[in-house]
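Down below is the structure, laid out as structure tokens.
In this document, chain identifiers A, B and C correspond to the written order of the chains, with residue numbering beginning at 1 in each.
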């Protein structure tokens, strides 16, 4: 079956000249959970923005078999749910309900079904009672969950999350981990939180200087201290290890 | 004007070269007086927070002007922001904020000229701020402090601010002999009627958002400096604009000014050339009717302003005393 | 992920770069004023004016290509004056290729306006390519532009990039959720889209407000009481005076001859 995400030799430079991606190749099969780790500036966020056509570089990007042409963008964005790092940028409607409803409404889904989807999405993130709340006033953890709900309501096949646990206190982080564990979608996250990677993601890719420098089972990647150090990462000891 | 793409944001920045010097000078005088007054008023209203608040909000307006939404067939709606700013922080602070944005655009991006900056500030900043705020105060008197007044103020005020700005721009161009009013005015109004829809929708949407999340900010805006005189200032500006449009410009001849001058017997072109060697010699700078006319419009604007203010003040005082 | 405006400043150490910003601002304003005062149809004098920014750009080591390229920004607005060839009364002429009949006087005025506009904007471009923004600010302050206004512009400049970044991310977040599905009309109505855009603007406004409070707190923590203090501006150099006087004299000459020998 087709890989869900197929990136082949992707190159991209920003208008100011900064070369962000120097030939990235990555394939993700349906149902896989992959973590993307690496130092700041490695190009992780840039790569993610290519997956739903917000940025376009040289090279080949296919999502669910579809190339990213203008005609396909709508379908691709319905298939790939991209959750940004700062939920404040993602929650731009007055109420939680309206934010979660935005996606399906834009897709032209009829109103009764929109309501149903919103209810389902909010329930999936454990925020079922928050529909009428004002997004602006929620806590960081609550905002993160609502942000995830805003893409879940579109029934995407793939979830892409940019640094989901950044800025969360331990309790909110624990809640996020439980949530991510339950979600069935194919998942790609970028993160500095190596303990989260170890808990939830069987496959890890290391990105540095605009390229993928390692890609394989999490256990072997994260247990290689030289590899980690070479790319600005540190081996995380959990309290359970001795 | 009919050929301008509709997708530009309320594009009223007049470049250099279009306005005659007297017209441009009048604009600077009006702008300078308003700015000076606004600086005083906002210092009283905002105190030490004057600079950080207005600075960041100016950056916000600048950034928000880039936010768009698709209107129809490839065109998009944008925000000018004067109305929104005025309703949130009051008209005088909004005016300074818009002045900063428009000034920066002129200096850094050559979006609008330096000589014509005076009128650009008036057209997009002052007219916009006071229109929006005036409509808002009016709507509040009629429908109270709820969402209705916000929607009306945002939509109608926003739309009107763009339209008045467009009308004023056309007037200034015609007064300078750079365009025929009979063509420019309807063209500008026509194009901006559509652009104004974008302003209307975004402003109303933003106000509803702020009302839902932090209504206390709107409460502060309602009591802001200038809230009582705003309607009068708006009236004054509109009357002045109307006069400018009606006076020498009713004729389709773009040379409206010179034409009236000729009619009134100040025809300098018919004068005998002082130097026989150079027939047709003329000194446009000393053409009296030009200067007088423009000075008149400029002074007239300020006089109407002044009268309106006094009336507004008396009205306000009476209300307090009652 | 950074928003980058075309920062116009091109660094260098030429005479033009080293001039005091006050002088450069005054020269630019005098130049634009001169262009505005010249009557229509004074083609030679427009050319004489054009020499100034071109010379300036060459001395500054920037190259006239950049200047000319950027100066075309003023042209779209030229359409505003397009009514002139068709409405100004007077002797007419029929244009060869287009077959349109226009009045000579109107055509002359139209071309004059376009040229003046184009020439003026080049001087303005010269100003910003050879002067850093902070220098421009203190130059304006030294020229007695109200200090509060200059400070507001300065703070605005500092935070424009931050807020533009936020605005960009808001738009990307919206794009990311703008999907299409078979069998349904996507996009929503215009009023809905407008309201969403309004919500984004409102959200940005609130965050800006709250950011301004944090900035104020940071300023107070460093002793701010309402006025930003600055160093005194340096004295003007001999170069500054020379250039100013020379340019003003040249402009006066061009203007005087332009008015004296008007058509």
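As a working rule, a residue touches a chain if its C-beta (ideal position, glycine included) is under 8 Å from a C-beta of that chain, and two chains touch if they have at least 3 such contacts.
Quick caveat, the model's predicted, so the values are computed rather than measured.
Contact topology of the protein chains: fully connected, every pair of chains touching.
The chain closest to the protein's centre is C, with centres computed as averages of CA atoms. Should one ask which of A-C and B-C has more C-beta pairs in contact, the pair is B-C. Annotation: 46 Å between the Cα-based centres of chain A and chain B. Separating the centre of chain A from that of chain C, both taken as means of CA atoms, is a distance of 41 Å. Taking each chain's centre as the mean of its C-alpha atoms, chain B lies 19 Å from chain C. Residue numbers of chain C whose C-beta contacts span two or more other chains: 166, 170, 187, 196, 199-200, 202-203, 206. Contact of a single residue of chain A with at least two other chains is seen at positions 93-94, 136.
Taken residue by residue, chain B touches two or more other chains at 208-209, 213-214, whereas all remaining positions touch fewer.
Chain B makes touch with chain C in their complex at residues 1, 3-4, 13-21, 24, 35-36, 39, 43, 47-60, 62-64, 66-72, 77, 79, 84, 88, 96-97, 99-101, 103-104, 107-110, 113-115, 154, 173, 177-180, 182-184, 197-198, 200-210, 213-214, 217, 252-255, 278, 280-285.
For chain C in complex with chain B, the residues that touch the partner chain are 5, 8, 28-29, 32-33, 35-37, 39, 70, 73-74, 76-77, 79-84, 86-89, 106, 109, 113-121, 124-125, 128, 133, 136, 146, 148-149, 151-160, 162-164, 166-168, 170-171, 187, 190-191, 193-206, 208-209, 211-213, 215-216, 219-220, 224-226, 228, 259-263.
Residues 14-16, 45-46, 49, 52, 54, 73-82, 84, 86, 88-94, 98, 102-103, 105-110, 136, 150-151, 154 of chain A touch chain C in their complex. If you check the complex, the residues on chain A that touch chain B are 93-95, 134-137. On the chain B side of its complex with chain A, the touching residues are 208-209, 212-214.
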